[in-house]
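Consider the two complexes below, in which chain A is the common component and chain B and chain C are the respective partners.
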Partner chain A sequence: MQVFKLYFKLLRSNKGILIMYFAIFLTVALVISNAQSVDGNNNQEAMKEEILTITIIDEDQKSFGNGLKEYFSSGNDIVDMEYDEQKILDKLYWRKLDYALVIPKGFEESLLDEDVKDMTLKCMKVPGYFDASFFESELSLYTSKLTSLLKAGYSVEDAQKQLLDLQDEQTKVELATFVNANQNDKSTTFLAYVPYLFITLGMNGIGLILLTFNAPLVRARMECSSTTMKTRIAGLVGGILLYGMLLMVTVIVVVAIVSKGRIFMDVRFPYFLINMFGMLLFSLSLGFFTGTIAKNQDAVNGLVNVLSIGLCFLGGVFVPYEFFGDAVLKVAKFVPTYWYAVTNTKIGAMTEMTSGLANDIFWQVGLVLGYALVIFSVTIVIIANRRKQTA
Partner chain B sequence: MQQFGYSIKRSLRSIEGIFWALVFPLFLGLIFKFMFGNLGTYEQFSEVAVGVVEQTENDVFVEMLKEIEMEEDLHMFEVFEYENVDEAEKALQNETVYTYIVVDGDEFTLMIRKMDIYTSLVKSFVDQYKQNYTLIEEVAKKDPKQAVAFATNLFDSDSIGLEEIELKGQDKSPYTQYFYALLGMACLIASMYGLGHGMDLQADMTTIGARRNVAPTPKMQQFVTDFLASMTMYSVLMTIVLVAVVYVYGQDFGDNFGLVWLVTIVGTFTGLAGGYLIATWVKGPKGKKEAMCIAFFMVSSFLGGLQMAEMPYILEEKCPIINRINPATLLVNAYKSLAVFGDYQQYAVNVISLLVIGVLFMIFSVAKLRRTKYASI
Partner chain C sequence: MVVKIENLVKRYGDLVALDHFNLEIEEGEVFGLLGPNGSGKSTTINCLLALLEYDKGTIEVFGEEMTPTSYESKKNIGVIMQNVAVFDELTVYENIDYFCGLYIKDKNERKKLVEEAIEFVELQDYRKFRPKKLSGGLLRRLNIACGIAHKPKLIILDEPTVAVDPQSRNKILEGIQKLNQEGATVIYTSHYMEEVEQICTRIAIMDKGKNIALGTKDELKGMIDLGETISVEILELPEAVKEEIAHLPHVMNVTYENHLLKVRFSKGKHNLIRLLDVLKEKEIGFAGVHSELPTLNDVFLEITGKELRD
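And now, the complex of A and B:
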């Protein structure tokens, strides 16, 4: 019990750094999950078409430009902008604008009068960018229909009105039965960042404390005390496990707040817990390893930052793994955070537990636990070797 | 000069200092290079995999789906035909296809996992197919003689030409942003150096500090030589990091390496000054001050877009003042203004802002150091 109590006393003395990492995590996770989540409480949100952000700069100021804006404003964001290359470039760079279309002066006249040389529309886009290609294909379909109608004797206004009316004819879209409409809700996106918290706080909260326990004089004093090795280890393991549980409870409380309590009624909740538990044990074993091999606080800080940021980037926590190329994906499969992220996505998208999904979750969480076991075993071997050397 | 030499020696012996300044940024850069090396291709167009289940045959539609091209020799869709809905559902679940279309004569239903740019493209195609037929019917109703000519025009006519306006600057990849943020963070990690040197000037923080406080050398002289030594040392390390990022990791920072280097050095100055500020103003043990330093460069880097490249843009919309005073964002914007815009005015604004922040940090640090007296240590 003494060792157990001491663990928490030491933890209290390091509360500054732990609170700091928790605050960093909370800021990162809340900001990113707010920016990336889709509130899919109903199918309508999940079924919304990809919205493109377009600016149409009309230098011609004729009916063609107005009709074009009206047509593409349905389902897209049309941004009003002046022709300012720098501003357009800045927005294109940040993907806040998918396409900038310029209708040059005299364009409509060239469209209607066969004697006037055909003019081209002008555009600014990021070369090869998918959203830009998508808009261009839409624009191409629109203009070929428009020119066909003009050839059939329609006026520009009538042809554009006809095309606008046609927009009501939409294809029926349904969400597949196996997909949860809440697959990208705030809880799922927030939980995707949990490895960052568990790894940073797991490594700090255990590493820094073990550093104190492993200090030569403290260790020597403990070795000659009446407390047996078994009691010491039990106290230490108890402290580590309780600390881990506190971390997990904290995350659950935050998720409950983020989801306004709905998470407790969610069919996915127990599976999220299982996945988190696997990652927690991995992080605790990483903390145990860090505390054993690090010589001082600077080494702990270094290891925490290298491993937490490295594992989170490579595992697809910060940048979604769907974006990874084949080579990166091959390497990511060796990283436990990748399996956490994959499992989290699968659980997020599930509507009910199937045997196939249960099998996937079992193996993927098992893999993370396997990593935890390997790291734990390696640490025990290091400790045993050290004891042999000092004996 | 002797003190300057000693300070350099102390810096060289600091393994953790070398780790934070050199190893950590190079390691992160290696990860970024590995990850983002191919990331741009994700956004390049490639055929969209789409499943088709024909409940009632519509060969014209399926053929059109197979044949339509995005550009010459690049089909818009890769079509997979399935016997029944169950097979198609399985393919959708296994992510073999982005979506599948249930064709029932002239009726189409799109089954999706989520609505994204790929499924939007498929939906748009099916919408256009239906709309074209409705359009032909409408024209035929109005003037039956025009119908055939209209249909021929509709499928054969060329669309209006598009001329692309070339963008200024060289770097068009949003992922280079991660390297800008990485260099920004590396500059601000100089605060760890500044912290160490700042504590070595205080008698109650380190033994070196206690020794130096009883030495006859004026405190201001100690401060200046220490600062110059750490600035020299860290500038060399940052130059190595910058050269590695530009030439080894092959990131495009624009043509003017001299200006890129200059902003890196100014960022280093601000980072170091930040470390001195924390060393002098934050009360408490070394561990607490180090934690503050890590929080300083990590939070600043996060706001500058290290973990999420869009962060500065979100802040620009919600709280732009942060982008004007956050050192990491100023550094990122300075790099961006050179590489993307070639805009020297914006570059100068960012560099001067960074310099002003650094000078303010220094003034506050010196003011605090000068006032500190030790009755007893």
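And now, the complex of A and C:
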């Protein structure tokens, strides 16, 4: 009991660093889950049509100009302006205008008569502005189709009418959802960041305490005492497990707040817990390893930063693994945080549990637990070797 | 018998740290282990506490073989290490309470013992201080309190006064004597012979992992020929007079350096009178005269041919 109590007294003396990492996690997870996630069927709203403000100045005053205006007035805002270069530039600068198109005098004639030298449409736009480039490519497509129709014998009016009719035949585009609308909900996005919390607080909360416990002088004093080694280890393990449970409970409380309590009614909740539990045990074993090999507090801090950020980036916690290239993905598969992230995504997307999905989840959590077991075993070997050398 | 060590051998690679070391300590003794750095004192203590495995020999504490799992024996042992072994994160009270709690499970009893320990080392005004805010001397006192709070029957102190100011050192030594008077057997290791002479009832002198002499301080001093060393302040001493002094009875050695004549005599009577008679007869003027009885350093010097603090 003495060692168990001491664990929490020492933890209390390190509360500053623990609160700091918790605050970093909470800020990042909440901000990103709010920014990235969408609720329910809002996926469609994420892809909405852009309306451009365009002016078409027709110096040619032929039917081509009117047809062009009619064609692009659908889905765009066509404004009338006199040709005044300074005024147009001002409007472009202040983004009151996205594109200015000037049809030069004699343009239609150049389209119809092969003997007349080709003329080009004059344009003014903000360089590098994506929407304007999009309009430009639409315009290029329009003139290309129009030229083809004219060559086929259509008059300018008929050709433009044909193109207008074609424009009416729209294809309905729906944004594909990978599985269901749950996938990017706040809880799933928030829980994706849990490995960072578990790794940083696991490594600090265990590493720093073990460092103090393993200091040769106090360890020798404890070994001289009449408290058996079993009791001391039990106290320490009890402290570590309770600390781990507190971490887990903290995350559940925050998720409950984020999801406004809905997470408890969610069919996915038990599977989220299983996945988190795997990651928790991995983080605790990492903390055990850190506390055993680190020589001082600076070494613990260094290991925490390198491993937490490294594992979270490479595992697809900070950057979704869908964005990884093949080579990075191959490496990521060796990292436990990757399997946590994959499982979290799968659980997030699930509407009902199938045997295939259950199998995937348990295998992947098992893999993370395997990593935990390997790190724990390596640490035990290090401790055993050290004891031999000391003796 | 509180401690019995027989034929203890401990090697670190090729280095023999303890070479067939033997020791017996009776209940109620303040037993001093004296020796220069590297003589094997701390290795003996670490083997005795089962912190170190040894190559050969046996160690018994309270009549039972001492192993890492001798928890019954460990209940009655208090340890005060050479370096301060406390938690920086805990207060003075919490540190003493924690280490006492490793022996005493009952909360009320422990509370009483912790208070007594705080009072014993006079840290009442510092109970809420963290170790980093304590001076070196106060830290040492906290270290002692952590080792004795559970009222052990055997207290092992491994050089507890290293780097301690004279005032704190005296307090520590007085405390050890008080603990002994209250019934504790004390093993005290040091390379400060004055401390060992001051508090120890029996002393073992160690060198190169061996017990080279054992006994009370008088018994140890009796083992050597040196009786006394007489120093006389003389402005000028002719070589002939120095020669004459060297031929006086019981004289072992004569030196004259920096206007100080030092004559080492073997045990015998009237040494001082004979020396002063020679000086008077030769009309040699002198100032201060000092006579010193042999110290443990002299014992060590005579046995090993080197100083304790070499």
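The working rule: the second predicted complex is superposed on the first by the 251 of 391 C-alpha atoms of A that agree within 3 Å, B and C clash if a C-alpha of one lies under 4 Å from a C-alpha of the other, contacts with A are read in each partner's own complex, and residues count from 1 in each chain.
One rule holds in what follows: contacts are C-beta pairs under 8 Å (C-beta built on N, C-alpha and C of every residue); 3 or more make two chains touch, one makes a residue touch a chain.
Please read all numbers here as calculations on a predicted model, not as lab measurements.
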### Query
Who does A:A152 touch here: chain B (first), chain C (second), both, or neither?
first
### Task
May I ask you to decide whether A:S225 touches chain B, chain C, both, or neither, giving the answer as first, second, both or neither?
second
### Query
Should A:E169 be classified as contacting the first partner (chain B), the second (chain C), both, or neither?
first
### Message
With both complexes overlaid on chain A, does A:T250 touch chain B (first), chain C (second), both or neither?
### Response
neither
### Partner, of chain C and chain B, that touches more residues belonging to chain A
B
#### Entry: Doubly contacted chain A residues - partners chain C and chain B
14
### Interfacial residue positions of chain C with respect to chain A in the complex
49-53, 68-69, 71-72, 74-75, 77, 79, 81, 83-90, 94, 98-99, 101-103, 105, 146-147
### Task
In the complex, go through chain A and note every residue touching chain C.
1-2, 6, 9-10, 13-14, 212, 215, 217-218, 220-229, 390-391
## Note on the structure
Per the touch rule, the chain A residues reaching chain B in their complex are 14, 16-17, 20, 23-24, 27-28, 31-32, 35, 46-50, 85-86, 89-90, 92-96, 102, 111, 118, 120-131, 133-134, 136-141, 143-145, 147-149, 151-153, 162, 166-167, 169-179, 183-184, 297-299, 301-302, 305-306, 309-310, 313-314, 318-319, 323-328, 331, 349
### In the complex with chain A, residue positions of chain B that touch it
16, 19-20, 24, 27-28, 31-32, 34-35, 37-39, 41-45, 70, 76, 89, 92-93, 107-117, 119-121, 123-124, 126-128, 130-132, 134-135, 138-139, 143, 146, 149-150, 153-154, 157-165, 167-169, 172, 174, 284, 287-288, 290-292, 294-295, 298-299, 302, 307-308, 310-311, 313-314, 336, 340-341, 343
